[in-house]
Amino acid sequence: MAISTAQFLDFFGVAVFAVAGALTAIQKRFDIFGVIVVALITALGGGTLRDVSLDAHPVIWIANTSYLITGIGAAVVTFLVARWIDIPQRTLAVCDAIGLAFFAVAGMQKAVALGHSGEIALLMGVMTGVAGGILRDVLCNDVPLIFHREIYATAVIAGGVVFLILRSWGWLAQWYALAAMLVILVLRLSAIFLGLSLPQWMFSRSKGSRL
Amino acid sequence: MAISTAQFLDFFGVAVFAVAGALTAIQKRFDIFGVIVVALITALGGGTLRDVSLDAHPVIWIANTSYLITGIGAAVVTFLVARWIDIPQRTLAVCDAIGLAFFAVAGMQKAVALGHSGEIALLMGVMTGVAGGILRDVLCNDVPLIFHREIYATAVIAGGVVFLILRSWGWLAQWYALAAMLVILVLRLSAIFLGLSLPQWMFSRSKGSRL
Amino acid sequence: MAISTAQFLDFFGVAVFAVAGALTAIQKRFDIFGVIVVALITALGGGTLRDVSLDAHPVIWIANTSYLITGIGAAVVTFLVARWIDIPQRTLAVCDAIGLAFFAVAGMQKAVALGHSGEIALLMGVMTGVAGGILRDVLCNDVPLIFHREIYATAVIAGGVVFLILRSWGWLAQWYALAAMLVILVLRLSAIFLGLSLPQWMFSRSKGSRL
């Protein structure tokens, strides 16, 4: 049974996002059920919101239950393994960047395939990539991580703009998709290894400077 | 006007879940509107997520507004009565177990009736039973209760597996539904009265044991 | 290019709600992306939940991307301007009241136009008006503001009841819509300027009085 590169990346993305969700839930000391729920919502929440918004039924994990099984499997393995092994933050962040790049581009391709405009496709790319992480943090009662100071959604937006420009130039689907993924990946890796971040409103400082 | 046992259990489930939601909101000192919103979301949130995920429109409370009226009524009565009477935790937990058993099985039956696979039916049973409580806790800015140490979703999963096995053996719908409800109920009551819980990841302890 | 009063109010409502969302996110020190997401969810979250619940696809911001652009524009301007100018709370509250009145009535009109009952229309009015604010507070990890002591949803419900009564009397659509908006507006402004609020459950006090 051969699976395509796209399918491999798809399941890889689900697994990596599920691991990230499971680790957050484990740190919160959730039980095995809580860990699985948080992992599944992290991995599949973005795609679900996208499909429901676009009225693109059946939603991904109903159309193909392998996504659920991949996510549950990743969560259970993480739950068992986390006792013995510390997963290095950087390794996880790099895997997450690959998952993000693929999810975002897959989200855009789905919107475009359904005949939506470039703006909606871009929004769906961002939603597919980041909504799962936001839902994870809401469920864990944290302020969503990606609202703070790191280039994450911005990388998706930049990749999405490249996607739309190359597409308007008549590039073939596999090439503009690949280019967009590379842009997202390079920006995310730069943020991880060089510590880049977005401007943030320096509230206290500006208050201070007025005095 | 006679209503069937199934209908009675349905409204009973909505009322009990609404009372549980209302009590949480009252403890947070919400006003009457906040109490009603939290009660409705606790009682109908799981079914709504199920129907939207399955694209099974109209969603339950649009198809039959009696659900809304039951939920609002239960919330208002709870709001008024909570001043004078302490509702015993155990009484509420037992009623909640009955509601859970019925909601979960009703969720599975709906998915099966729509032609979905056993996996999706099981997921829908869990979603119908537990998502309302998760949304309640998110709205009240708490970490979802059911992610911590108590057999709750597990009871639903066990009942769901029984549902699927007996169904595959060719049992009649009313019997496998009843058997699944009993399994959920017995497991929940055991958890309530015997204090059973799921394994949880002892993070700090394992860190300590390595030193 | 002339736009109608209804359209103007629609975009005004989106802009005002987006500003309110952006200010909350700025106070939480989110980055520009976080500010835009919170602003969009505050402005469009209620309408999205309404459309998804009613299965009224395409949802508003897919049918007309001007809503997205208005919301993003308002968020970016707020982000830039908030450094130099303090937006007075009262000014914002008055604008928010206008937005609320329009959103709620627009939500009811949509439900009625789709053939739903008065109860569902009322619920959709409340949902369109208040769900965005609830989602904003959940994302910012706060207890939803409107669950505490201020006449907000109550104003929407009162306006909605007026809407339904005048409609049943055979008034023309523009008149009962206008009357409902005025009721909401007057009640909200009374709450803002006179400090009215709903009864709240005085838990600790009642506990004390029993001793």
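Each chain carries a letter (A, B and C) given by its place in the written order, and its residues are counted from 1.
Just so we're on the same page, a contact is a pair of C-beta atoms (placed from the backbone, for glycine too) under 8 Å apart; a residue touches a chain by one contact, two chains touch by 3 or more.
Just so you know, these numbers come straight off a predicted model, no measurement behind them.
Two copies of one chain, chain A and chain B, touch each other, and the residues they use overlap weakly: the shared fraction of interface numbers falls below half.
Taking CA atoms, the transformation carrying chain B onto chain C includes a rotation by 120°, reported to the nearest 5.
Centroid to centroid, with C-alpha atoms defining each point, chain A and chain B lie 30 Å apart. Contact with two or more other chains is made by residues 52, 55, 138, 141 of chain B.
By the touch rule above, chain A contacts chain B in their complex via residues 25-35, 37-38, 48, 52, 55, 57-59, 62, 65, 68, 79, 82-83, 138-141. Interface residues of chain A, counted against chain C in their complex, comprise 52-55, 116-117, 119-120, 123, 134, 138, 141-144, 146-150, 152-154, 197-201, 203, 206.
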